[in-house]
Each structure stands twice: as C-alpha cells, then as structure tokens.
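Have a look at this one.
Per-chain numbering from 1; labels A, B, C and D assigned in written order.
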Amino acid sequence: MKKLINKPENYVDEVLAGMQAAHPETYQVGGATGRMLHRPKPVAGKVGVVSGGGFGHIPVFVGYVGDGLLDACAVGDVFASPDMNPMLDSIQFADQGKGVLCVVGNYGGDRMNFDMACEMAEMDDIVARKVIVSDDVAAAGREEAEKRRGVAGFVFVTKVAGAAAAAGQSLDEVETVTQRAADNVRSVGVALSSCTVPQAGQPTFDIADDEMEIGMGIHGEPGVRRGKLRPVDEVTDEMVDMLLADKPVSNGSRIALLVNGLGATPVEELYLVFRQAKARLEAAGAVIAQYMVGNYATSMEMAGASLTVLHLDDDLEALVKASANCPFWKV
Amino acid sequence: MKKLINKPENYVDEVLAGMQAAHPETYQVGGATGRMLHRPKPVAGKVGVVSGGGFGHIPVFVGYVGDGLLDACAVGDVFASPDMNPMLDSIQFADQGKGVLCVVGNYGGDRMNFDMACEMAEMDDIVARKVIVSDDVAAAGREEAEKRRGVAGFVFVTKVAGAAAAAGQSLDEVETVTQRAADNVRSVGVALSSCTVPQAGQPTFDIADDEMEIGMGIHGEPGVRRGKLRPVDEVTDEMVDMLLADKPVSNGSRIALLVNGLGATPVEELYLVFRQAKARLEAAGAVIAQYMVGNYATSMEMAGASLTVLHLDDDLEALVKASANCPFWKV
Amino acid sequence: MRFSKETLKMAIERIADRIDPIGAEMNRLDGQLGDGDLGVTLVNGFNNLKGIKDDLPDDLGRAFFAMAKAVTAVSGSSFGTLLATALMAAGKQVKDKEEVEWSEVRALLQAAQEAMIARGGANLGDKTMLDMMDSLISTLSGKQTPEEMLAAAQSAAAQTLKTFRDQPNKIGRARVYAEKSIGLDDPGMMAIARMIDCFD
Amino acid sequence: MRFSKETLKMAIERIADRIDPIGAEMNRLDGQLGDGDLGVTLVNGFNNLKGIKDDLPDDLGRAFFAMAKAVTAVSGSSFGTLLATALMAAGKQVKDKEEVEWSEVRALLQAAQEAMIARGGANLGDKTMLDMMDSLISTLSGKQTPEEMLAAAQSAAAQTLKTFRDQPNKIGRARVYAEKSIGLDDPGMMAIARMIDCFD
C-alpha cells in the first residue's frame, strides 16, 4: 500500500480535520462522533439539503458541502455507509423549519440508515425526505434500473437539489425537481487500476497491466466488460454508446456533461475523453448546455474516468447553471 | 503504459484541442504550429504576461492562461521545451504596446528559447523580459540557488505577475515584483511513483513499492534522499524542515502555502499533508495568509505531493490574493 | 409495576452484564456461516446502551428511540440495523406514554417485526431472527405478567431453535452457505434466545 | 554582386540540395558520441529554410531573422538552437541593410560566434562547432571575393578537423564520452565542413 497517510484507522478523521483546517469558512466537523461536515451556520429560510455515504470519493459526498449545494453531510468509513447518527445530526443541523431533502446514493447501507434517520427526525417533527441516485447504467439493465448504483451522477443531482433549495422552493418542489434530476441522469465509468482501502492494505481488485474494465463501480464492483485497453477515442465511444442506448438524445436535446476522473488519472487524459465525448454527443444531436472536466467523484487512487449525462429540461438547466460554491467547484 | 490516450505522437495536440473544446471562453489554440494557447482576445492597456514549457504538468504551464494570470503560453512536447516560435507567438499576442513579461521555469531549453524569443521580439520593437522561477530547494544548495529547477512555485510567481499586470503596473514594476516573488518562493516535493512519457512508453524511473524519494524533480530528476515510505506527518515534517532551513520564518511572518498533488495522489492525502504542514508552519511562527490544496502542478500520473511557500510582503500578499480566473483556479 | 423506562433500564443492565460471553459465542456461531461479527455488534451495542441507560427520557417512545440511536452508533451489521429498526417501531407505538401494560408488549413486538420485514426484505421461514420474533409473538398471546411471559418465551425460543436447526438459511450472508447451514443454529435467532435467558 | 538576400537564398538551395546524404552521415557521427539526432536537425532545418527561401524579406537583418525562426521551429537540439542564435546575431549586424560587402561576412561570423558562446556557455578549444567558426574567422581575414573565401574556408575546415580529431570533447552530451571522442570528428564541426563543401 503506497499512501501518504498516518495510521489507517485515523485516516478518515484526519482527512476531515485537514479539510476543516483548509476551508473553515465552508467546512466544520460536527456531530457526536465527528462524522458530520457542515457549514459553519445553517442557512435560514430554506429547505435543508444533506447527504452522506462512504468515504474515499472526495469531493463526493462531503466535499459538496457549500453554498447552493449541501448544508451538511454524514461521513462513513472508507467505502462503508455512515451509521444513522451522523445522518440524523445532518438532518437536524440542516432543518430550518422547512424540511430537509436527503440525496442518497443507491447502496443498501446508505439507504437503510437514511431511512432510519428520517424516521428519527420525524420524532422531532422534522420532515425529511429521500431522493435516491442510481445512475450507473452498467450496474443493471433498464428493466432493473432501481438496482443501479449511484456514482458521479450524484454531483448533478446534488447541484439541482442545492440550487432549488437556495431558490426558496418548498420541500415538495425541491423533492420533485431533484427526483426528476435523478430520473434523468446516466453514468458509466472505466477503471484502469484498483484503489486500496487503507485498513485493508491491499488493492481491492486485480487488473492486468494492459486491461481495462468498462462499467466498473466506484468500489470496484464488476462492470460489463473487461478487455484490453483501447485508444481513448474507442473507450469513450463505447461509454457514449452505453449512455445513449440507455437514454437516447434527439436533435437539440439539451444535456449537462461531466467527464470525471476517478482519482489517479491525469487531467490531460480527461480532456481527451471530453474531446471525443463532446464530438460524439453533438453528432448525436445533443446540445451540451453545461459541462465539467475534472475529479468530481473519485475512488482514491483508482485510475480511470467516467461519463455522466444529465438530460435537461428548462428547470433543470437553470438549476444546474445556478451559482454554487464549494472548495472543489465554483459555478 | 496504462493511459487513456490515442497515438502518443498526437497526445499534446489532442489534449490542447480538448482544453479548447472545454473552455473556449478562456483557451484558444494558436500559433503557426498550434503550440500556443492564448486568451480569445488580448487584454488591451496592460503589460502582457506569458509563459511556456514542456507539457505534462497541467495546470502548469498552459492551464494558467486566464484572467489575472497568463495572456498566452507556449507548449512543448511532453517534458521538452517548446521551440522559440510559439514563445515568440505568445509574446506577440500578449504585447499591447506596454511590453511583455515571460515567467520561465529554470530549465536550459526553456531559458535559451525564451532568450531567443525575446531577442526576436525586439526586432519588432517589443520589449520582452524574463523572470526565472527556480524554487526547488532540493535541486541545489543555497550557494547554487540559481541552479534550482522551477517547480510548483511557478503558480505563485505567475499569479503575482498576472495580478500586477492586471492592476496596470508598468513592465518595470511588474518585472520587479515578479522577481521578488521568484526570489521568495521555495518548494520541495516527494515522489511515490513514476510517470510515463507517452512516446517513451515506459516509466521514467523505478521506485520500489515501499519507497519514496524526497526532493525528486517533476520530470523524475534525482532528489536528496530515497528511503522507506514513512507516515505522512513525518514526510511532511521533513519537507517543512527543508523549506524552513532554506528560508526561515520568524514570528508573524506572512506566507502563502501551496499543498500540491503531483497527479495520481488522491486529494484526501493532500489534506493530510496540509494538516501537518499548517500545524508545523504555524508552530514556527508563520501566518498562513493564503493557501491552496490540490493538483496545481503535476507530472501526469506521478504519485506524490509538493509543498510551496511564498514569503510575503504587503505587495506580494495583495497580488497573491487579487482575483484571478482560469478553469483550474478561481481566486 | 407496569412496563416503563425502568423496565428498559433493567433489561439493559441484565443483558449488558452477560453480554461478553454471549458475544464470544455469537462471534463463533456467525463465523461459521457469515462474517463473525455478530458478537462484536452485540457487545458494542450493549456497551452503548449501558452508557445511556441512566439518562433515558420518561417518555417511553423517546426512550426506545434513544436506545435505537445508541444501537445504530456501533456498526453497519444487519443485526444492529434490524434491532434499531425494531426499537424505533416499538417506540412509535408508545409515543407520549410513560407506562404501558405488560400485555401490550406483544403488540410492540408485532410492530417491531413488521418494521424489520419492511426494512430487511426477508420473509418468515427464511431462518432469521424474524422467525424467532414470530414464535415469541405467538406465545405471548394472552400472557399478562412478566413471569408468565418469560417462561413462555424461554420454551418458545428453545423450540424455535430446534425447529429451524435442520432447515437452510435463506437470506443474508448465510444464504451463500445454505447447504452448510443445515444443522447449524441461526446466529440472530440464537442471540435473541440468549438475551431472553438473561432475565431468568 | 554583393552579399544580399539572394546570397542567402542561393546558400539555402545549395545546402538543401545535398542535405539528405549529409544528414545521414551526421546522424551516424552524432550517434557515436551523442544521441544521433544532428542529421535530423539538419534535414528538417533546411527543409524549413527551403520553405521560406522565396519569401525572404529584402532587409538583410529581417532575412537572417526569418531564417533563424525557420531553424528554431524544427527541434530542441543544441545545433539548431546555436545555428538560430548565429543567424540572429548576424541579422542584428545588418539590420536595415539590403546589401553588404563580401568582406563584411567575417564580421557577421564573429558576431555569430560571440552570441553562440554567450548562449551555449562553451569555450574555444572544447572541440565544438565554435572551434570551426574560429578558424573560419581567422582564415577569412583580408579575403575579398567569394571565390577566395570559399577556397580558404575549405582548407581551414579540413585543417581544423584534423587538429581536433585527437583531442577530447569537453562540452555537451559528448563530454561524457570524452575518452571515446578522441580520434573521432566532432559532429557539429563536420556538419559545418560539409555545408561549406556545398558551395564548391
């Protein structure tokens, strides 16, 4: 294991401490167990937006605490759901009397614990609802779309929720439009190398020096195809094909595009992916109304990239473009 | 070689095309050979600021074209100086009658070619001057400081030059304050793994699975010490010690700090480096007036991190904090 | 004495007193079919419960919720999550009450069982703690005093273990070892039986 | 006919005509001590020069600068950079002139040599193209016509190669092979000798 870390068992808490030290105007460590990151003060007069999930995906989840994004976020161990308590802490912090929306990745533990946190919150007369992000088209077919994992699509869904809340929408409205974002976002990734969970000490999976895996999940879950590494244009073509097969675009369809690095892939290569993805999507008729290129949803030192497309309507486009600000992303 | 690329010989040009495609409002590919990136239009009424150097360090050099930063930048092959022509193109583009400052890393080819470009520009009655960045304390002792390589300190020196020019300072003034930034910036890095030059196809250097090299250059130039990988706090201590031994801080010294990732190191780990560096520098009396954590000067897929300290005076602090905007950095 | 937060406090004390040997036994049992962490969950869970037992709110509903919070703080294991789910479901039944009749305990168990089925997606007959809950709910029907209830619960627990021993596990981690699980007690069922014994 | 842009054009044509075999030879020679790219530099450089030879500005200074630009566009090798440096230094001497006397060529070489020393940091005697330049400068002293100059240059070039052959290289990539370089001609020197021969 080759990491710039101290003791594996302190990894998560020390990184959170570093994040607060670097960005105290945005991040404060809180909660009974120090596993919540929240804004220094809740923003009054709006619906709260929170999330939570396993660690090791920075900026997902916890990095997106910020203006027009999350009010608070629960933090688990590496690749493991937080327990219910920091989720409840987050909901309680974010609630300003108008209710709270939880943006949750489609993983069993995350869902179950957020369910409990919402029920607990109810006991305090806080209305908390959940929108599930399940954007990974490689994880299951269209007929089982509810089984798909949540990956980088989280970024757009969170952006929509945060912007709707910041615009003063009611919980019902925020929930509706966020659910529409979740319904209209699709992702697929390609992994070139494994990551290593610090407490495990060994790479999560093996992959040969000349292999890639299309569709692999952000914890190393199996993808749809393992094969020889191909030129980036061909790899990108395959990913674009999967996205368009799952949800086509027609002439003039407006989309938001995220070309995302998994952690260890140089940004130079992400621009190669972007170049080809843009060409292909535009050739298919799409209008790329908003896009990002960079490390927005990672798996520590995993090498690879993912493509995320959010199919826009007028409301979603306005919300995706609304201003937002966290240390990893300014819009 | 495990890279998401097409043909190695097209790597640089395709990445530049991707950068322009992603950020056309900031980057335009230009020059006779397509090896200049420049702003869509030169900004009138100010001193021009340009740079240039080998490719594979994004955002250094070419990513820093933007508001309050570079007007244009010459692009070489991977880790190889651009020839004189795109440098001259850059100078000619940036010149608006008030002269041009070239911020140049301390590498033989870069210096020599910028010398020629400045001479050539003179033929067109353009006044172009050079400030050399040589911040790597590991590259040579204090008595031979002029032999030090230019590494991540480039970011701060460019920021100062860009801000001074944007503020309407004359070429003399921009040059003077930029030189002061160059004189007061120190860096040191630690490498955990090699990068691979696409056309070489093989890792640039070998390093064992449990080794690190303190002081290694951004092309794999030898550092001061190769040894067993240690906990991040100890590695950070060693780097801070080297920086402070070279240029101490006294109580209340104001500094800017950059905790930089070399490309493949997860941002989580950079926050661990930041946490310890901040604690140590503050314990030494420094006041960290400005800081950044992220991938600001990379070596493709090299793993590791570097620390850069800019020792501030009032002018430098104001310039470092002045607003700036490029796709990789908003201030 | 009716069922109140004092009852919950006493229950925590009784079980916490004996949880270390029970934990060791459950780790072994879970290790034969699963990941061997059930005992860890139990030990940590009851440690947390001990930490809050003196500060339980008078409101029974809130007392159950506080216990659920304490249990969820320990780990992400199925048993912990389901136990917390059960406690919350029970809590909802007794919101704003400080005491209930002992005869109402059966209704709390029923609410708990429904919530656990909803949360975990298992069915009765899958050889899980749900089946143990089910036989407890049946046996408590008509029982009025804690003494009667304990005796009935103990014999029902023993009988249930026996009934399911030679059936295969059909859910969770143990499902992969369905064949191997024949002849072995389900760890979650056994854990409940051992907890009941603590009141003897 | 005095020295003008037509002279430069003619020189480019003459050398470009024969650069392919010269390039092959220089790659071999450079490969014995260095990285074997000198020939590539020469071939690409004169290809570029051919591309601009018909568009040279009348102003001799600007013509030299245009040639320097064309040379620098090919690669980052030492020879290319130094040749461009030489052309720029010569250009500065004749800024705003369309013609100069042949006798002034020696001054141009001298300016070029100084600039190359300043740029490259080598000394006379290091066994580089500088030493070739030096003997050319000496031999051209007092020569007035191109014919006289060519004859003198050819014999000086041959003599210089001979003089330095048995000395070690003291700069650049070849320095690492200082011992090995004894008995071998310096590729940069040889390249200049071959270029002079093109005017024969």
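Side notes on the structure shown:
Basically, a residue touches a chain if its C-beta (ideal position, glycine included) is under 8 Å from a C-beta of that chain, and two chains touch if they have at least 3 such contacts.
All of these numbers come straight from a predicted model, not from anything done at the bench.
Under the contact definition stated at the top, no chain borders both subunit A and subunit C. Excluding subunit B while holding all other chains in their positions yields the touching groups A, C | D.
Look at where the CA atoms of subunit A average out and do the same for subunit B: the two points lie 30 Å apart.
Between subunit C and subunit D the centroid-to-centroid distance comes to 92 Å (mean Cα coordinates, whole Å). The distance from the centre of subunit B to the centre of subunit D, each centre being the mean of the chain's C-alpha atoms, comes to 35 Å.
For the pair subunit B and subunit C, the distance between C-alpha centroids works out to 61 Å. Contact between chains, per the stated criterion, is found for A-B, A-C, B-D. In the complex of the two chains, the subunit A residues touching subunit C come out as 32-33, 76, 80-81, 83-85, 88, 109, 112-113, 115-116, 119-120, 123. Of all residues in subunit D, only 61-62, 65, 68-69, 72-76, 81, 84-85, 88, 91, 95, 119 touch subunit B in the complex they form. On the subunit B side of its complex with subunit A, the touching residues are 2-7, 11, 14-15, 17-19, 21-22, 55-56, 58-59, 190, 192-193, 209-210, 229, 231-233, 235, 263-275, 278, 291, 293, 295, 298, 300-301, 303-305, 327, 330.
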